[in-house]
Amino acid sequence: MTVVDVEGQLIVGNRQELKQKVLEHLEAGDRKFVIDFSNTGYIDSSGLGVLVSLSKKIREQGGELRLSSLNEDLRTLFELTKLDTLFRIADTRDQALEGF
Amino acid sequence: MEPDHDLVLELPTDIRTIEHAVEYVVDRCRQCDSHADRLRLNFRVGLTEALSNAMLYGNGHDPSKRVRVEVTLGPGEITARVTDQGSGFNPHAVPDPTRPENLLKAGGRGLFLMRQLLDEVWYNDQGNQVTLVLRLEPTSPPLSGGARA
Amino acid sequence: MEPDHDLVLELPTDIRTIEHAVEYVVDRCRQCDSHADRLRLNFRVGLTEALSNAMLYGNGHDPSKRVRVEVTLGPGEITARVTDQGSGFNPHAVPDPTRPENLLKAGGRGLFLMRQLLDEVWYNDQGNQVTLVLRLEPTSPPLSGGARA
Amino acid sequence: MTVVDVEGQLIVGNRQELKQKVLEHLEAGDRKFVIDFSNTGYIDSSGLGVLVSLSKKIREQGGELRLSSLNEDLRTLFELTKLDTLFRIADTRDQALEGF
């Protein structure tokens, strides 16, 4: 199980860091991932894109990616883009871990 | 029955408490200011999209090319114009990323988000300059703009 | 000839500069937001006046008495109601501090400033409760309110 | 010559400090005073009142009080109350000191 915090923004300038970190754990054999947004300011379209492509890669390996602790701003971005239908989004990190 | 208030303070009669009480109230009001919301999310994300498109597609990552940003603060609106040194594109040809067949694609949400979050988005004919307008009216909903796709 | 802009940035094509550029623009916009101006000056000074009158005159410096502040954030307006435990006064009897014969007096500018800076100021019948209303409309002038003495 | 900076707010809760400081120098024989507002947030009516009464006391001793570096907010307060007609207000501290 890997839990990753996104600190600050998840945008075009830094999205590769998150991608690399998750892919390393995936290669190392982890299959259950939670990305937690408690400390995230905003996300742009390329940040959303990274989440979509990570989710796809993890699913291809039989794993699952869950998201947690999206504030109201971030939730709006997922709703506008309909990506809220693609991810399991938990209110808190603990709820994301429950029964994982 | 008391009416509902967003914030209630009970202060002792001590004039040294006034400054802090006033700061506290003003900070709380600021947080609920829908203008602040729209600057924080809508404008910030919209401008980020415009800048990254200008750098990635317009200027094709070429570090010798530059991006120009012009911001105008009008009464009740903020306009940001972003110009790159590329040859442009046709913004009408960009597909809707919320259609089921596009939902699993990693890219293609930048223009869509700009159009959703800003009140006006328009490109020059060439397509290397985008103008974003954010309206600051008290009646604007805090999170989504008026321009839909 | 270039049109006038409030802010112009020229950025290199480097996506790592985007975050800072966006923060910089948003901060500058915040400073020019007339809502922020009116919160900073008009509301802050008006609320300070209401609180000090409540403590000094209403509660007569008595530290065992309390002042209640109720704030309501409506769409496009902020209302602050300040109540003291005093016996009240007649706000209409307060003289205009800008008349030449009052200009050299040390006191007497509190009510006047509240009325100048807020859009609405009203007292209950007894005079121990004042309600201040600040409108947040894009057309409001940044510094002076609509209610004149 | 005494130059006094007002840091933060000049309001009912702290106006006595400014008053005391200036009166001490007046008693010590100083006659020329500049109060500088470069670092001042806002002023309430009792802060304005302190300036009026200090100005009166200084004038009674044959001295003068000048004000400097009022930002736009503070200038508005002086204009609304017509106190801008009562004080010599300089744009900068240096201008207040010129020919004093």
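In this document, chain identifiers A, B, C and D correspond to the written order of the chains, with residue numbering beginning at 1 in each.
We take it that a residue touches a chain if its C-beta (ideal position, glycine included) is under 8 Å from a C-beta of that chain, and two chains touch if they have at least 3 such contacts.
Note that the structure is predicted; figures quoted are calculated from it, not measured.
> Any chance you could name the chains that touch chain A and chain D both?
Touching chain A as well as chain D, we find B, C.
> How far is the middle of chain B from the middle of chain C, if each middle is the mean of its Cα atoms, in Å?
27
> Centroid from C-alpha atoms only, then distance chain A to chain C, rounded to Å. What do you get?
So the centroids are 43 Å from each other.
> In whole angstrom, what separates the CA-based centres of chain C and chain D?
It comes to 22 Å between the two C-alpha centres.
> Provide the list of chain C residues touching at least two other chains, using ranges where the numbers run on.
Residues 15, 18-19, 40, 44, 48, 52, 56 of chain C each touch two or more of the other chains.
> Please output the residue numbers of chain D that touch at least 2 other chains, ranges allowed.
Only 11-12 qualify.
> So that we know how the chains sit together, what is the shape of their touch graph: line, ring, star, complete or other?
Graph shape here is other: it fits none of the named patterns.
> Going by the touch rule stated at the top, which chains touch which?
Touch list across chains, by label: A-B, A-C, B-C, B-D, C-D.
> Spell out the part of chain C that touches chain A in their complex, as residue ranges.
15-19
> Would you pull the chain C residues touching chain D in the complex into a rising list?
37, 40-41, 44-45, 48-49, 52, 56, 97-98, 103-110, 112-113, 116-117, 143-144
> In the complex of these two chains, what residues of chain A are touching chain C?
Those residues of chain A that touch chain C are 8-9, 11-14.
> In their shared complex, at which residues does chain B touch chain C?
Touch residues, chain B against chain C: 4-15, 18-19, 21-22, 25-26, 28-30, 32-33, 35-36, 39-40, 43-44, 47-48, 51-52, 55-56, 59, 61-73, 75-78, 80, 136-139.
> Give every residue of chain D touching chain C within the complex, in rising order.
Residues 11-12, 42-46, 48-50, 52-53, 56, 72-73, 76-77, 80-83, 85-86 of chain D touch chain C in their complex.
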